[in-house]
Structure formats: structure tokens, C-alpha cells
Amino acid sequence: MELASLFAYLVSFLTFAGIYAVLAMGLNTQWGFTGQFNIGIAGFFAVGAYTSAILTTPESPAYLGGLGMPFAVGLVGATLASALIGLVIGRITAKLRTDYLAIATIGIAEMIRLFIKNEDWLTNGVRGIAGIERPFAGTPLDTPFGYLLVVVAFVVLVYFLLERAYASPWGRVLRAIRENEPATAAAGKSIARFRLQAFVLGAAIMGLGGGLYAHFFGFLSPEAFMPLYGTFLVWVMLIAGGSGNNRGAILGAVVVWGVWTLTELTTDLLPTEYATQAAALRVLLIGVLLQVILVTRPQGILPEKPPKLIARKK
Amino acid sequence: MNDIIQILIYGMVLGSVLSMGAIGVSMIFGILRFAHFAHGDFMTLGAYIGLTFIAVMGLSPWFALPAAMIGMAVVAVVIDQLLYRRIRRTQPVILLISSFGMALILRSLIQLIWGSENQTYASGIQFPWRLDVLGGLRIKPDHVWIVLISLGLVAGVHLFLTRTRMGKAMRAMSDNMDLALVSGIPAERVIIVTWIIGGALAAAAGVFLGIDTRLHPVMGWTTLLPVFAAAILGGIGRPYGAIVGGMIIGISMEMSTLFISAAYKPAVAFAIMVIMLIFRPQGIFKGTL
Amino acid sequence: MIRIENVSKSFGGLQAVKDVSFEVAQGSITGLIGPNGAGKSTLFNIVAGLFPPTSGRIVLDGQDITGLPTHELFHRGLVRTFQIPHEFSQMTVRENLMVVPPEQSGENLFNSWLRWGRVRKEDTKVLERVDEVLDFLEISHVADELAGNLSGGQKKLLDLGRTMMTDAKMVLLDEPGAGVNRTLLGKIREAIRRLNTERGYTFCLIEHDMDLISQLCDPVHVMANGELIASGPMDEIRQNAEVREAYLGGGASGKMGEDA
Amino acid sequence: MSSETTTLLDASDIYGGYGGADILKGTNLKASADEIVVIVGPNGAGKSTAMKAIFGLVKIRTGQVLFQGEDITNAKPEQMVRRGVAYVPQEKNVFPSLTVQENLEMGGYLMSGDLKPRMDMIYELFPKLAERRRQPAGLMSGGERQLVAMGRALMIDPKLLMLDEPTAGLSPKLIDETFERIKEINAQGIGVLMVEQNAKQALAIASRGYVLATGANRHEDTGPNLLANPEVAEMFLGG
């Protein structure tokens, strides 16, 4: 492979890994910080992607939208729409044990997929939405590398915000809730409120990831999401990287996306008639990887580390 | 009127399928305390095991059913012993993640072994029986068999749970795990039997689904949500509740096609589940959650 | 300060608390004793907001607080400790205490992002207060230990320390002396006494260690079979025939909510 | 005190607890087949923990438990049942959705052969249960449940029956009745080791009693002697 195409490949790889890192940090906010089980990541992701697409694409007779708004508005919309859905789900399941939340999130992801598939007027159904604008069109940033920079900037931003939140009293309360609920309540904190905030924040971040994806990929269709695989990959990334640790989430995203891409390269060597089998084989390998991690190193590569005190000691 | 009865019959067929799955989910939850996310794929695998018996041995789907049930029971026990047993001592939520991963492993295995194309058990169209009541009802024999065999299996599970020592031990463990241990009930053996029953019933659900429609690697996964909805509706951890829940969800899903697009059938199951979670999270029959 | 008015509680068919009324006066250290299963813990949990009574009212400073959840009671100045210490075991002793102060602006996500300076300044203040509390309790040497590694008695002190991180009016202590060795018990006793005299805390405590009760509490209320059977100073209580009978048998019942 | 040969249970110098700090700090307990042994003591003395430790539900760190001369320290509950030790926990001691009869069957899960004769014997001992054998145990009153719980434990034809506060939450009349039943059970040659908060009545029927405080033996004597001991009375009210 010549250098230029290797570089192009690397840029594309890192861009995807970056988007997954955003998703993994979103999941970390829910699962790593507070132990809330969400397996509807693909749903929040899709809501973000479609919201941003509808807000930013030019007018089209086929579906609603075409509002032609700028990229930034699209991303804000993506984040808010996903947060709103997170709020509804979080409120319903707030007082139930985590298995219910898991089932409810799987349900919401499925509903969202059905909705996108069937409501042509809004999403153009299975035909999908094409021509989603890349950010900064017409500027020097309008290159794959430029887009990578945008994604990296968002990864850094999300990381920074989450680290601050986690180190602040807010994060301290979340940790306290995870350790001992009655004692946290006895310390005057509303457990339900903090939990819900974490869930909504996580959902918002996933929506942001969806928005980034839409603009990077330029085309959305219900099939493009492979809902379960999307959700599943993010889970494997977080568990492998180390849940409770944002650096772990980022590392996990890069490593697992690397493994996933490598398996693609290898299975691509198989004759084309085995294409579907090859795809299945890849999922199988990732599935086995997850089980191995769960059995042998459930804390992941970078285990959770408590944040440093932010107060200045005298 | 005619339409409604026709749809009611479809609803009962779907309800039978869901009940078979939901009983397993409910029993596994009662004893192992986690929602088993690979259960839909247990159904799929059961259906495909049935397919192999039909293709290789030339059995009719009805005779392949017991074979598929036995095969799936074995697979379920092997999965438990190889994987779930190792992480059982950690928090139940680790089992939840693991079962989610297992769902994908099973699905990709199915794709590898049987391919991802749609398949059917038997080619050709089955001629329905025509009944000259209510202006001519048409009933497929397959549907009658599905409902009848489900009833038979439910009765079997009932007899097992109420008449055998092992069945009672399962209920005892679901009631009060600590007291069961103190009484000398061998927990590991009860867990294995739970998987045998859960796996066998999931296979039955899969084979029914295959007979009624077609086989596809995601057939079980797309049914998982209604199955959970049925289990929650009946009260998780309550196998009898699961049957009632399955029927209510199945019939509601089919009935909904009178009013909204058939594409949204799963949404009906989801809506019922959410309403249940808001107003009566313990289910109709006071489950263990 | 706090008035318990005709409180009853039954679980299923079992009546754990039967029509109990008494008052905890401002500035007092009031003791609540009784044999196992007398209903003390149930009553305590009702006051602490764990579950509502079947009937009756709890009045704090003239306001009806019956059935309010624990975290709201906290904001009204009613704080509790636990019989078995509830520490955040994977957090340091310092962090354990830093969780407590109410209305920290850093508990708001947007503040933690946009007003970092203020959050940080506040946290520094909180930390100073924490160090004062640790000094007061004489456990400064374990400030950076994970709370899970403390001894049982130190955890009890930490529990007590949490009540000092807020402006508590009324502190409910659930067996502060249970499982604590003699030396630490003395320390806990002194801490309670000093909090009472120096900071004006009102205490209501359940305790089985009669020494601790007689050294600290006045008045003492005695429960048996879910009912209040005696009230008064400990010297009188000790002479009370009904109390002796209750402690040595003759039908104690009402077992809910008690740890053996 | 019984001689060595008839001693069923001999727990010596037990230290242990639920991880972390020890709750038991040198507890010693003995029981033989012809005895009713009662453990009393103030709250937090480790009475229930001692029972659980013997039955393998709480880890013993150091110390030894012998049953009929064999070392059973930290044996699993299932092994204890096989050796003929039955245990009735203090709370949640029935299977609520199982009928009375099924509760008894679960007690005899490890027994081979026909459970019927054994069950009939228990119905004879507790006639109330016979009337209600088809009722779910969860629907019964506290006193009846306690009978179900004891019945379940007796199904294995135990040599030693361990009861954790069998009269907790019962009315005075039911308490008397329960103690009567315990005497009858003991009269059949089954050793009884029980924790009781109802010290006065329990010590009155006890062959021997232990007073535990802070995880260690404080007094040991015959029931009546302990009752008469002013020091014991003081322990409950403090000095």
C-alpha cells in the first residue's frame, strides 16, 4: 500500500474510532459511573444521527426537514433529542432494578429503528437520507483529515467535560450512590435525581456521537446502523478498556475498533461468496473476546481510578 | 366479527410462542436473578436445530420438535457450565452482559452454519380447514397444533413444578434461595434443570415460529422484546404469569393490526410493557422484581 | 424539638409499634432502650423516613414531617447514623465526609463545567471543614485511608462525623456503641457529649450498652412489645419492675427491623 | 454436663464473622442429644452469628467445630443436613409460595425413600399443620409459619435441631406453645440448640444455658441457676 492511501486509511480508521470513543464515554457515564445498563445505544445513536441530518440537509420533497441549518445546530439538536429520549426512559425505570432498564432500552432502540424504517415522511424510510453536509464545507477543514480533527476535538471536549464532572462534587455523589444508597440518602442526596442526570448525560453524548457519524458518513439509512452490532461493539469497547475510566473507554474504542477492522481485513481475503459468513465470523470473534474479558479481567485494561481531590490543600 | 376471531386465532398462536419463551425467561430470572438476553437466540437456535433434523432425517416438523427441544436443552446446559457458571458468583449484572454477548455469538454461529437466508421447514402452501360458522372461518391445521402442543407443554411444566421433587425444589429456590440451601437442596442441580427446561421451551417457541412463518437468524432476537414484555406482564419469576402475559401480548399484537400498521406490532408489546412498568412494575401476578 | 405522636406500625399481621408517643426536648440526649424486638428500630426507621407509619405523626419543630424521604429530612436538619456503619468503602475517609455538605454548587453539572473556579474554591472550604471534623474525632491519621479499611469503631466515628458536616439540629444515633471496643467507646461518648454541649446538637439514640446510656442520656424511654412502657432518668428506669420483666422475658414480641 | 460420648456438638474457641472484623471472639458451645441448650445475651453479642457459623453460613476463621467427634469446621449447609443437623433461621424461614406439605417435602429433599411416614409424624406433632397442608405457607400467621419452619427442619430426622429465636414476634400464648413443642421434640431424643431473646422462659426449660456477650462466653450454667444469677440479670440492664 502506498503511503498516501495508508494515511487515508489511518485517518478514516481514527475518525471512526473517535466516534466510537464518544459513544463509549456516553456509555461509561451510564454504566461505569452509576451502573445503569443500557443496551439501546444504537437507538440513541440513530436519534442523534437523524436529528442532525434532518436539521442540516437541504430541502427535499421526499421527507420532512431540509431545514438547511448549520452543522453546529445539527449537533446541538442531535444531543438534545437524544437527551430527551433518555429523560423519558430514565424516568420510567428510575425506581426499578437494572434488568428493567436493560429491557426498556432494548425496547426503545427497537422502536426507534421501526420508526425510522416506517415513517418515510420524516426519515425517507429505507431509502435513507443522502447528501448530509460535511462541516466546514469550502474551508481548508473540508478534508478527511480536517474531519478527523473535528472528531478528535469532540473526543477531547467530551473527555474533559466528563473528567471535570466526575472529579466535582457531582461525580462524588454518583460514586457514593454506587457504594451505598441508604448512606447517600442519609447525606441528603436525592438518589433518583443524580441517577437520572447521569443517564440523560450519557444519552446526550450518544446523540452527539450519532450527529458526528451522520456528517462524517454523509448518508443514513436504517440498515447502516446495524443496531445490535453498534450497541454491542460499544459495550465490548467499554468493558475491554475499563468501565468507570474515560481513558479506558477511549483506549477500548481504539483497540476494539482496531480488532474489528483487522478481522475485516482478514475476512476480506475469503472469497466473496463467503461474505455473509465472514461478517458473522467477525461478530463471533468479538463476542468470544467479550466473554474472555468478563471471565478473566472484568475490570478491563485500565481499571477504574478514583479522581484526585480538586480542592487545594493548604 | 369473522375478522376478529380470525385475528384472535393468530394472536393465540403468537401468544403460544411468546409463552414458551417467557416461561423460560421467568424461571431463569426466578432462580438465577438475571434477565437472560440470549433467550431469543436460544429460540432461533432451537428452530435451526429442528431444521437440521428435518433436512437430514426427513422428519416432519412435528417430530423434529422433540429432537430440537432435547438438542437445545443440551446446548443451554453446556453454555451455562462453560460460561455462566464461572461468573455466577459475581454480580448478576455481569451475567446480563455475558448473556447479551452470548446472544450475538449464537446468532453469528447460526449464520455461519446455516447461512443468513430465509428458510422454511416445508415448501408448498398448507390448505386451511374451512369451518362454516360465523360466515366461514379458515383455520390452518398448523395453528391448531401449535396452540394444542403449547397447552400440552404448559401442562407438563405445571405437573413438573407441582408434582415432582425437583420441580418443587425449583419453586423453593425461586422463593427463598437461602432457605433452600439451608434445607440441603442442591442448588447446582436445580440450576441445570432450569436450563434444560428453559432451553427446551425456547426451542419449542423457535420451532413454532418456524412452522408459522420462516426461519431467519434474527427471528428470535426480534421476538425477545415481546417475550420480555410477556414475562414482565405476568410478573417476572412467575412461570404461570408468563403464560397469561404471553397470551395477552400475543393477542394484543395481532389485534393492533386492525388499527395500525403491522410493522408496529412489536411497538404494541413495548407499549404494554411500559404502561405495566409505570403502573404495576411487579406484574399481574406479583413477580420477584 | 421532635414529637412522636401516637405512632403505630404493622407489617403484614405483625404490629411492631403500638401507639407510641414521646418528645425529644431541644438540647437533650434522649435514650431509647428495650429488649430485642421491642420495636425500637422500627420506630427509629419511621422517624428517619425509611418508611411511613401506619398511623400517627412525626413533628419536627412544629412541622409535620411524617413520611418524608430520608434525603429531605436531612435538609430539615434531621440526620441519622446506622447500627451497622454505612461507609462509602471505596472512597477515602476525607471523601466520605466531603459528600455530605448540602447545596454544594459543584453538585450541579453545569457549574462543574462552567464555574470550575467557584466549585474548586468551595471544595477547598469543604475540605477545611472535613479536617476540622477529623481533628475533633481524632481520626486525622486515617484521613486518606479507604473507609472500607477502617476498624468497626473508626467507622462509627466516621458515621458520627458525617452528621457534623451539616448544620444538624437533631441527630438520630442507631446503636453508636455496638461492636465498639472500650477505648473507642469512650471517644464516641465524649464526641457525643461535646457535640451536645459545644454545638447544641439534640440527640436521640438507641443503645444496648447500659453504661453508655446511663452516662449520656436523660431522659430514657423504654419500649417492649412495640409499646412505650417507661420513661424517666436511668436511675429510676433501673428500679422499674416492668422494665426488668421486659428485659428478662415474659413475652417480648415484634421482631421486625431488628438485627440480632 | 453430659459426658463426652453423648456430646453431639462441640464448638471450641470460634473466631469469625462476615469478613472484616470478627463478631465471634472465642465462642464455645456444646450440645448433646438429651439437652435443650439455650443461648441468651444482649443484642450484638453474636448469638445468631454463632449458630450460622456452626451451620456453615458464616466463615469460621479459627477454632474447631466437632459433630459426633468429627471435624465439621466450615462444612457446607448441605453436608450439615446430611449429618443430621437441621437449622431454622430466624426470619424468612418458610417457602411462601409452596404449600405446607411442599415445605415439608423440601425439608426432606436429601432423604431417600418415602417421606410419608416422617411427614405423618410431624403432622401428629403439629396437628394444626395437618389441617392446612394444602395451603401456601405465605398465607399463614406468624405462629403457624414457625411450626412449618420447625416441621421442615424435622423432616431429616435430625440428631440436632438448631433454632434461631423461634419465638420472635409471637404472642405470649404462642410462645408458651412453642416452648412446649420444643420440649416434646427434645423428648424424642433430638438435641436442641437455640438462641432466644425471651431469656426468662427459655432458660426455664433449658437443660443448660450460655450467656454470650461481645462474641464470647460470659456465663455457662443450668437454666435455673442462670436465671437466679444476679450478674446475668444485670447484664441485660447494665451496671
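The first chain written gets the first letter, and so on, giving A, B, C and D; residue counts start at 1 in each chain.
By our rule, a residue touches a chain if its C-beta (ideal position, glycine included) is under 8 Å from a C-beta of that chain, and two chains touch if they have at least 3 such contacts.
For clarity, every value in this text was computed on a predicted model and none was experimentally measured.
> Could you work out how many touching-chain steps separate chain A from chain D at minimum?
Step count on the best path from chain A to chain D: 2.
> Could you compare the number of C-beta pairs in contact for A-C with that for B-D and name the larger?
Here the pair linked by more C-beta pairs in contact is A-C.
> So which chain is farthest from chain D, going by the mean of the CA atoms in each chain?
Centre of mass proxy via C-alpha means gives A as farthest from chain D.
> Measure off the straight-line distance from the CA centroid of chain B to the CA centroid of chain C, and report it in whole Å.
50
> Centroid from C-alpha atoms only, then distance chain B to chain D, rounded to Å. What do you get?
43
> Just the number, please: Cα centre separation of chain C and chain D in whole Å.
33
> Quick check of your reading of the touch definition: is the inter-chain graph here a line, ring, star, complete or other?
Shape of the chain contacts: a ring, since each chain touches exactly two and the loop closes.
> All pairs of touching chains, please: list them by chain label.
Listed in label order, the chain pairs in contact are A-B, A-C, B-D, C-D.
> Across the complex, what residues on chain B touch chain A?
Within the complex, chain B touches chain A at residues 29, 34-35, 37, 83, 86-87, 90, 93-94, 96-98, 100-102, 104-105, 107-109, 111-112, 115-116, 221-222, 224-225, 228-229, 232, 236, 261, 263-264, 266-267, 270, 273-274, 277-278, 281, 289.
> Across the complex, what residues on chain A touch chain B?
The contact residues of chain A facing chain B are 35, 37, 39, 92-93, 95-100, 102-104, 106-108, 110-111, 114, 117-118, 228-229, 232, 235-236, 239, 276-277, 279-284, 286-288, 290-291, 294-295, 298.
> Residue numbers of chain C touching chain D in their complex, please.
Going by the criterion above, the answer is residues 13-14, 35-37, 151-152, 175, 178-179, 208-211, 213-214, 238, 243-244, 247-256, 258-260.
> Going by the contact rule at the top, pick out the chain A residues touching chain C in the complex.
Checking each residue of chain A against chain C gives 161, 164-165, 168-173, 175-176, 179-180, 182-191, 197, 201, 306, 309-314.
> Would you mind writing out the residues of chain D in touch with chain C in their complex?
20-21, 23, 42-44, 47-48, 90-91, 141-142, 164-165, 168-172, 175, 195, 197-203, 214, 227, 233, 236-239
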